[in-house]
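So, here's a batch of structures to check.
Two complexes come next, and they have one chain in common, subunit A, joined by subunit B in the first and subunit C in the second.
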Partner chain A sequence: MTLPLELGGRTVSSVSIFDDQEDVRQSYQETVTDSGLKPILEPGPLPDDPESVAALMLRADAAIWDHHLRVKSYSSKNGAEWVAECTRANWPALLCTKWEGAAPDEIRRYRRFIPVLLNPSDLSPDSLRTGLAICCDELAGRVRPTRRGWRTLVRVEDASEGMVYVILPSWNANEVVALPLRDLPTDLRPLATEGRRFHTKVNLGAETQSELFFFDWEPE
Partner chain B sequence: MCPGRPAKMQARFRFTPDILRRLGEELNPSLDQGILELVKNAYDADAHECRIELRGTDQPGGSVRVADDGFGMTAEDIIGGWLVLGRSTKSALRPTPLGRLPSGSKGLGRLAALRLGRTATLLSRPSAESAVEYVLTIDWDAFEGVSLVDDVPLTIVGRPRPKGAASGTDILLADLRTCILPGDVKRLSRALVLLADPFVQDPSSFQPILSAPEYADAEAFVQHRYFGDAEFHLTAVLDEAGRAHATVTDWQGATLFKALHSDLTAARHGAHYRCPRATFDLWAFILNRNSFASRASTLAEVKLWLQAFGGVHLYLNGLRVSPYGGPANDWMEMNLRRAQIAEERPSTNNSIGRLAVSDAQAALLQKTDRSGFVEGEAFHELKAFATDALEWMGKRRLELADQRRSKARVEAPRQTERSRHLVEKAIESAPKRKREELKGAFDSYNRSRDREVDALRREVQLYRTLSTAGITAATFAHESSGNPIKVITLSARTIERRGKIALRAEYASLLARPVESILASVASLAVLGSATLSLIDHSKRRVGRVDVYAVIQGILTTFQPFLAGREVSVETELAAGNPYLRSSHAAIEAILTNLLNNSLASFERVQPHTRRILIRTTITAHVLRLSVLDNGPGIAGIALDDIWLPGETTRPNGTGLGLTIVRDTVRDIGGEVSAREHGELGGAEFTIELPLLGV
Partner chain C sequence: MASREHLAIVDVGHGSAAVLVDSSGTVVIDAGPKAGLLEYLRETGIRRVDVVLISHADQDHLGGLLGLLASGEVSVGVVRLNTDSEKASRVWDDLVYELDCMRRRGVVDFETSLIQGDDGRYDQGVVHIEIVGPSAYLATKGPGSVDRLGARISTNSISAVIRLHVKGVPLVLFCGDLDEVGLRDLVRVGASLRAAVLVYPHHGGRSGSNTSTAFAEQLIRLVEPSTVVFSIGRGVHATPQPEVVDAVCRLAGTAHIVCTQLSERCSSAVPASEPGHLAPVYAQGKERRACCGGTLIFSLASSASMLPARPAHQAFVTAAAPSALCRLVRS
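Now for the complex of A and B:
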């Protein structure tokens, strides 16, 4: 029996499931079914062309994505990138992956467009419905305080091995946040050396550094 | 508004005499820096020579004289320039007749120097007015009794110049308020000797001379010029367009490596450097007896010389800028980089360098207190140019070292074989009665040596195998633990949910325990995958501040499922505070993880009733004492000194590397480690002492 979600003018009654492993898709299927929604298993391989991607997004009302999708030939992009694309296309999508295994560097650059990141061990019918509600809210412009971006000062503590280590004094002056150098605009990368300061927008309401994302870096 | 008062009134800023002290000696407290400013004024005046004399300065009341042979100042120059404080650098960037770019003084350092004595007397003979000289005496005590600086008039007296008197400027600072200590003189002499680029031997260049024995010593020292004994000479050139190239030559002048701009800037994707043009020279020495065996100078001489002048000095428009390259000033972080990658890296103790910048546009601004440059984009780009060149040289030297090692690896067995033949031949030529004895001894030596080589080969192979295991685990983390764990977790939770609905009250008795067991086991499995990946997280290898207790807590949280699974309780007795030190998270983690692994392994040999591990810390002065104790069987079956040796283990299939890693890591941090066979809890006790930065 389906129990569609009615979320501010949007009805979610079906959820596409994207994972490169069939047995994992089937496990997700059980949780989606138990949450009162209709599961749509996507066996892949996933398309790259915009038309096919648009058609993919019409097959269900929302989606749940694994992150590691490039290990086999399931997809040319990882789940974080897909969820960001879905969000920009106004299609509710949440990412379901273990944070450590996913490597924070891979996900942070897309985090701004990932309203919900769930650990698979925390996935349940309740958390799925709540997560989809949060996604729909954010698409409707109701962004939670932990996801709202604020202009702030960022200080570079160190840069090595393709990573930049920064402090956000407005967030936590004692915690160093690591981001890949490639996440900075090209013209700022050579300037990211110890002691340099930049202004950028960050969701300062985030509770942990895994939730932080950076955007709108200001040119020198 | 009061009737009779005009509608507008003229006003201007005025200054109390206090401002002289605040802008002078308070902003520029260093005596040698103040005198250097007077010397730089001589450079700006195209002087060839500038003499500094200290008279009776070992006690208050002495005097300092700074006299040069530059083009001097007219009365207008004195009024409109010398007496004007705080003028912006950009307005004075026209080259002098000798082509020197002015040093950009705002006059505040000069003010500080002038205020060293109770009086300052300026005598100037301008080259533009060959028959005249001008004298100005400033009595600083006169400023004490007035409200405003303007209330003290200064009089410049013009008078006929004595016949034959050359142009120049002579400043006398009389009745010094304090004495000048020997340490100040030494610092001043070092600064003077380095001021006008002694790296370039040009007899027509600017020569500051200090009348003091320390100066003669320092001057002699820098004149020795051991550059020819450097093993490597790096020259990197940055042009106006921000493009760089570099070469490295050996001590005989042969080119070893060459780099184009793209080679130097790979890490910044070829971006041009946005700073003035510059040339960077670095002479790197290998300070061991072997490399100096064939050199003219001695190792001791060069070491002393580098101690006095080592480091990278920065020259702007021909003059040295303090504090770059000063004692204990490692502004290019060469020592830090060497700490991170020790091999083939220069440090301030074994190299000397000069970064000469030509800045006609004043892109580089010196701070008002002369403590270096304002660290804007131009400075950072300049530093990046020099550090990129150093980095490139380091990599090329490493390649060379690697090639040498490969060659040695191939050559070594051949050399051994040749040596063996020589010895065997020598034995054959020995008297018959000694031959058997020698042969036996040599055979025994060969066997020991072969065993040693085998042991080393096995150790290297073990490190490689363990590294490969780690790499493989990381590569296959997704398949090995990620997916199966996801399936098991999701499926177990589905069973739990549906079981509760279908079986209601009977669920608890029928399915609750097995489902909980599945979920708990899966949690342990998940930890193995994430713990493995967590250990190789690159951000943990970054050297910086490490909060020790945060690392301890992190490890205990990560290991919790394993510890629970093995029924091991870990207690902590941590001293108050938040001790931190300079290292990497990975290093502290490696120490603690290996000690915990050691304790866990010991419980497999003997089964105590309760398995306990205690982690205790005490803090004394700036040392953290970290102890890990257990109630296992202790250290037995192996000598206490041998437990640290690689390959030594009492465990079947043990690697024997855990405690070696602990020992080596502790030593790298500058700490000490020791062990007791049977500690307070009855089992092994390991104690580590680590130097702290703070608590």
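Now for the complex of A and C:
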């Protein structure tokens, strides 16, 4: 029996499951079923062309994505990029991955458009329903304080080997955040030297460094 | 309630931030860390802060000022705080950089002076803002030096102590992270600290030595509060210290003790469901169900009126944290 989620004008009764591993898809299928929603398994391979991707997003009301998908020809993109694409397309999607700590830069690049990131050990019927509600809220413009971007000052502590190390003095003056230099706008990259300051938007309400995302960097 | 004249002690997690809204303007006393202050201002529709007073240069009081200035969403009129040569100079440089950016655009009035005697300069409507401390002596000596008794003066020692009077009645005393050196100096100069509401210094943490109990006892005797607020973050620094709460309970009798968030010392778990007693405004702990009193709202029209109301808050504590520090010492 399905128990659809009614979320501010949006009904979620089915959830697509994207993972390159069949046993994981089966496991998530149980979780989705236990949460009162209908699972749609996506065995892949996933398309790249816009029309097929759009059709993919019509197969269910929402989606759970694994991150590490660029294996076994399942997908040409990783899950973080997919979730960002879904969010921009107004399709509720959450990322469920154990790679958050191991691939922080890969995920941070898309973090602004990933409303919910769960570790598989935290995925449960309750957390799934809660996570989908949060996704739908964010798509409706109701952004949680931990996810709201504010213009703020950033100071470069160091830059080397393709990385720039910054301090967000209004977030935590005692914690260095590492960013790939390629995540800065092209014109700012040569300026990212020790002591240099910029303004950019950051979700200052984030509780941990892994939740931080940066956007709208301002030229000097 | 937050749309009318009020004082909000904002739940910003581990840190301090208060917003005074009067018919004639808005004053911020300490800005907390991160984005808590910004979220509160955004939610209450405040786009202009006339005066910002920062007690001292610790991140959990100052960090939000940087966010406020840089956000571009709230205009700021006047900023006052004391310089601090001891604190992490790069963060201070960041603040000066940001203030300078704004001052060059002519949009902020910034001075590095907030000491005893600056009374009346920041008053708003019915609220008289008294700068109780630091004394000119202690501020001039500055962090890193020693006082007359040879005790080291720290950043916390020169915390600005600010008392709000509403229609002539001392309502709230903000102590920053005042320590025993700072308190001794206030006593030396004969400062009056009496107020109905005490925002306890240093989030109920240690006062700089092993004399937290003695410090608490002296402070409570000087303030005689009917409400004691600990502005804390659950899971951060394990505040308030039990010996501090014990001293408050012993000496403040029937005072209402309220923490903004639910200390892990009071309950190892957060409530299973959303509490219903909290004021309907932003509180950093709401997202994690980590609030105890949450953001506290005091009406300026009725100084005895607070949200959440005392009975509702105490009912929450009884149900959600029967082993809470404020209950253990009284039971």
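Quick note on the criterion: the second predicted complex is superposed on the first by the 216 of 220 C-alpha atoms of A that agree within 3 Å, B and C clash if a C-alpha of one lies under 4 Å from a C-alpha of the other, contacts with A are read in each partner's own complex, and residues count from 1 in each chain.
Following the convention adopted for this analysis, a contact is a pair of C-beta atoms (placed from the backbone, for glycine too) under 8 Å apart; a residue touches a chain by one contact, two chains touch by 3 or more.
The model shown is predicted, which means the values in this text are computed figures rather than measured ones.
When both complexes are overlaid on subunit A, subunit B and subunit C end up sitting side by side without clashing. Rounded to the nearest 10, the superposed model shows the Cα centres of subunit B and subunit C diverging by 70 degrees about the centre of subunit A. Applying the stated contact rule after C-alpha superposition, one finds that A:Ala178 touches subunit B and leaves subunit C untouched.
Look at A:Arg197: by the touch rule set out above, it reaches subunit C but stays clear of subunit B.
With both structures placed on the common chain, the touch criterion links A:Met163 to subunit B but leaves subunit C unconnected. Put subunit B and subunit C next to each other and count what each touches on subunit A; the higher total goes to B. Once you line the two complexes up on chain A, you'll see the smallest CA to CA distance from subunit B to subunit C is 12 Å.
Comparing the two complexes, no residue of subunit A contacts subunit B in one case and subunit C in the other.
On the side of subunit B, the complex with subunit A involves touching residues 268-269, 271, 375, 377, 380-381, 383-384, 477-479, 481-483, 485-487, 489-491, 493-494, 497-498, 523, 526, 529-530, 533-534, 538-539, 542, 544. Every residue of subunit A that touches subunit C in the complex is listed here, in rising order: 144-146, 148, 150-153, 155, 167, 169-174, 197, 199, 203-205.
By the touch criterion stated above, subunit C contacts subunit A in their complex at residues 33-36, 38-39, 59, 63-67, 70-73, 88, 90-91, 94-95, 97-98, 282, 284, 287.
Taken in their complex, subunit A has these residues touching subunit B: 21, 23-24, 27-28, 30-31, 34, 68, 71, 98, 100-101, 120-121, 123-125, 157-158, 160-161, 163, 165, 176, 178, 186, 189-191, 193, 195-196, 220.
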